[in-house]
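Below are two complexes that have chain A in common, paired first with chain B and then with chain C.
Let's look at the complex of A and B:
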């Protein structure tokens, strides 16, 4: 029997493809910008206590609504609290809720979608029926209802927002599962004696993974926006905890006299959403399932 | 076919599907009464045009389709009634090689994981170099175990597919159009690999193919399928066809002898294969058969030895046609 000649490359290819992916990130300045913004936000959110110049709750009513100065770079709010410090502390709530909500929605929605597509029959009918019903109710209404019923801590807010995205992720993982279900490598695995859980975990999930990561990343921007929206409506994490949405609303009252207040809060929300969108787009470029080894650039 | 070496006996296999939403209530009779057996070290081939049900037979054999009726006997286990544990046991002995080597390997898995997968799902211990040995068995460099499927050509991928099918040391291999997706230059290589392995390991092959010339060169016995039924079966049906459909199939194969070109009378069938949800009565081929008579619509010809040569032919006019064409 013939033996086909090999190139002398025995090194596991994972390390090389990581290097290649990194090169590709650098090739896309927008994605790099997204990572930089996110990195700053995450560092700030992890240790606002060390980085913020002032205590976000320390009031100085006498100097309320004072403009920017060398002492207070972004000025003071209506209670004389340092706006920059409050923004930095607000990052924690926004990022925590945004990421937690996406994670929960992914963890619940994807298995539901895969199970529906894989098993078909009544399992599919039941899951997709519930999904359709949930999709017909606007997510923000579900979130409002949940917060109204159970209160608005970080975890509750995350659950409230996640509920609205579970049907989306179930849908998005359902249809590719249907097509992978018919592919020969899935049929083969079943023929070799692979159990359902094995086939779903080893064959279907790895092929959905990158798509779901991209969608999850893009959705994180949306969940942060919804969190800000709930806080804006006064349904977010309760004051005096600093939240970007809450600051945006407070600033609205002084839009004529101190526009900077609302503007910086809005910019903070904007930067987080943009960061996740840029990263999502960058991931889409590098995680295409058919190009992990093809030479890049 | 002596009893001790017979590994699989398929008896009157029927596989029916419910038609989709567009045609509610209709039943597609993909396989409608097929019988054959597989013997260790021998190749049984099913030939026929697409849609005749040969792939459904293959899928039933590896447990991907439940038979609607009939039996698939592996020793004393019948796949039609097997429970989960028995099905798993049968699957250790029957493995499948798929048609499309681009679709049959998970693009996200390394060759090692692909080849070892059957061992893993069956919970069998994996010796340290089992993947390398399997690659060597199919003529691939064992260093390839760390690569991904997209780094290989179609022929190499098909070798990986064969290596995977051999991982459990099965006794029966179902080859579902194993070469029809490959370049012609690669087809012979893959056939040779398969034949070498059969000799080495004494496997029984069920070869599903529409390529008459390949089937003729590698199989020990052939079943010709048309619309869910075997219309002719035997060791030499492709050399001495008795059934008009077999003759039509063979006449469509271009001759390799240039001197014969143009001298052979090609039989061109008219019309399309009938709808398998509404097959013709009695003989299913009669709607396209140039020899069809009134009798063919009422009296279904049985698959029996009509020519006294060990083969079986399901045609009332088998003898006469046989002498006409092959002289």
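Let's look at the complex of A and C:
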């Protein structure tokens, strides 16, 4: 699993050492771009107060919807708030919800999948049956339903989005577990009296780790997409908190007069998603080229 | 009658049952109860009692659940909490718009994706391949709703296409003019995804012996690509359809909002914002049923085109 397979689609040519290092540690030069974007977003999300030029809530209605200027680089929104500052503050909600949701889905989904594959029998039937039913409802609709019922803070939204991805991770960890279960090193460990929990943790989980890391990374892009989608629908973190999805929706009303408003909000969402996609693809190239295509949802 | 039909029916009934039960109990777990959520925290006890009576909420949970399942078995989803009209009627009125949108989006995604995938596979590791791969990764990172907004800004506002609404199928021209942009917004992301999968499958097949033999026999490269590589890869590509449809129905919620298009998605979002729980409940059940039916139909199609798939 950890050996680097030579990629058939890559012809070995003499490349500069920088590109070689990028390929070795990040997967591809494009993945380096992904890490750079993510680094910028994380720094902005951690301290928007220090980096943003203005208070994201400070209104100046007299100058509402003013275009870009030296003073306000991306212009002002419908209440005369600085769009750039709001975008920077919006990074926090999107990244927090996106990462929290993936983590929760991984932490719940993988043990379920491993347990189903390891124990078999009714445990497997029960878990995989629930997984199949849940997979027949789009993740965003599950999230919508949860948020509509239980309200939408950062934590609630993360749980809402995570619910839709628990079955994905359970499904993805279930099938490899089935095959590892039959392998000699697992059978041997069981024969020597290894407890189930220990066998799963020491012999099965390490074999799934790299694939789950890759898919988790690719899924982070999807959870951010759904978070912004919920905010876009008006079911995200409540205003006046700045969210990228909310800004995209507000900007749509002024698409003809101030198109930049919506466009930059959408680009912010895009930048976060593309960062995780690039990093995930890079990880796939280094860790395990046979990882299945990203889950959709 | 084929043997798998009863199995598919059982699956449909079971899925609808589980989803309906989950939503039923979910709604009743709302903090403070649905009536408080509907009317607000400072509603008068009289009003709350009235809503509770309308919903049958004072009765024991098990009685409510039994009545709910009984209704469901007769195809009734109850009445809207807000308008008091039957939920089924409201859903059936908008369902065709959503189905039409999802099918059009799927067609665009499948056709575009296969074309782009075959094209990039044919030029493996040459410039068109790199451009195609960067393009598909970029498109994959665009949320469909953002593509919708961009399409309105870049196309609709310039060309003069309508940016909202939907027309019945009886008016094909108007219908198409209001369908094309939402369907494109849905289809473009799908194109990118299908292209990546197609390219991967094609490259695998292109490395196989029968392709080398075909080339050695002097068959034209185009024919090798289509007949010897795409055809064997087409079944796994087609089997993406079911998964793809689920994603499309989910994304349709957002796309319908962007284009202010009547449909299951806008219906659901409006009902959620108005806290119309019976409507939300009904819409989610219908979504699950539609998805199971479509996936079952696709499964039947796979069985017909691929005799190797047998009933377990």
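We adopt the following convention: the second predicted complex is superposed on the first by the 263 of 297 C-alpha atoms of A that agree within 3 Å, B and C clash if a C-alpha of one lies under 4 Å from a C-alpha of the other, contacts with A are read in each partner's own complex, and residues count from 1 in each chain.
In the analysis below, contacts are C-beta pairs under 8 Å (C-beta built on N, C-alpha and C of every residue); 3 or more make two chains touch, one makes a residue touch a chain.
Fair warning: this is a prediction, and the values are worked out from it, not measured in the lab.
Visitor: Among the partners chain B and chain C, which is in contact with a greater number of residues of chain A?
Guide: For chain A, the partner with the higher number of touched residues is C.
Visitor: Of the partners chain B and chain C, which touch A:192 in the superposed model: first, second, both, neither?
Guide: First partner only, chain B.
Visitor: Classify the contacts of A:262 with the two partner chains as first (chain B alone), second (chain C alone), both, or neither.
Guide: Touch status of A:262: second partner only.
Visitor: For A:159 in the superposed arrangement: first (chain B), second (chain C), both or neither?
Guide: neither
Visitor: For A:114 in the superposed arrangement: first (chain B), second (chain C), both or neither?
Guide: neither
Visitor: What is the contact status of A:97 with respect to chain B (first) and chain C (second): first, second, both, or neither?
Guide: Touch partners of A:97: none, neither chain B nor chain C.
Visitor: By the touch definition at the top of the document, which applies to A:41: first (chain B), second (chain C), both, or neither?
Guide: After superposition on chain A, A:41 lies in contact with neither partner.
Visitor: Between chain B (first) and chain C (second), which does A:183 come into contact with in this model arrangement: first, second, both, or neither?
Guide: After superposing on A, A:183 lies in contact with chain B but is clear of chain C.
Visitor: For chain A, which residues belong to both interfaces, chain B and chain C?
Guide: 10-11, 293
Visitor: Enumerate the contact residues on chain A facing chain C in the complex.
Guide: Those residues of chain A that touch chain C are 8-11, 30, 130, 133, 135-141, 144-151, 221, 225, 228-229, 232-235, 248, 251-252, 255-256, 259, 262-263, 266, 269-270, 273-274, 277-278, 281, 293, 296-297.
Visitor: Which part of chain C faces chain A closely enough to touch in the complex?
Guide: 14-15, 18-19, 23, 26-27, 29-31, 124-125, 134, 137-138, 140-143, 145-146, 149-150, 152-153, 157, 193, 196-197, 200, 203, 207, 243-244, 246-247, 249-251, 253-254, 257-258, 268-269, 272-273, 275, 280, 284, 287-288, 291-292, 295
Visitor: Of all residues in chain B, which touch chain A in the complex?
Guide: Touch residues, chain B against chain A: 59, 62-64, 87-88, 91-92, 95-96, 98-100, 103-109, 117-118, 121-122, 136, 138-141, 143-144, 146-148, 150-151, 156, 164, 168, 189, 192-193, 196.
Visitor: For the complex, give me every residue of chain A touching chain B.
Guide: 1-6, 10-13, 183-185, 187-195, 198, 202-203, 206-207, 209, 289-290, 292-293
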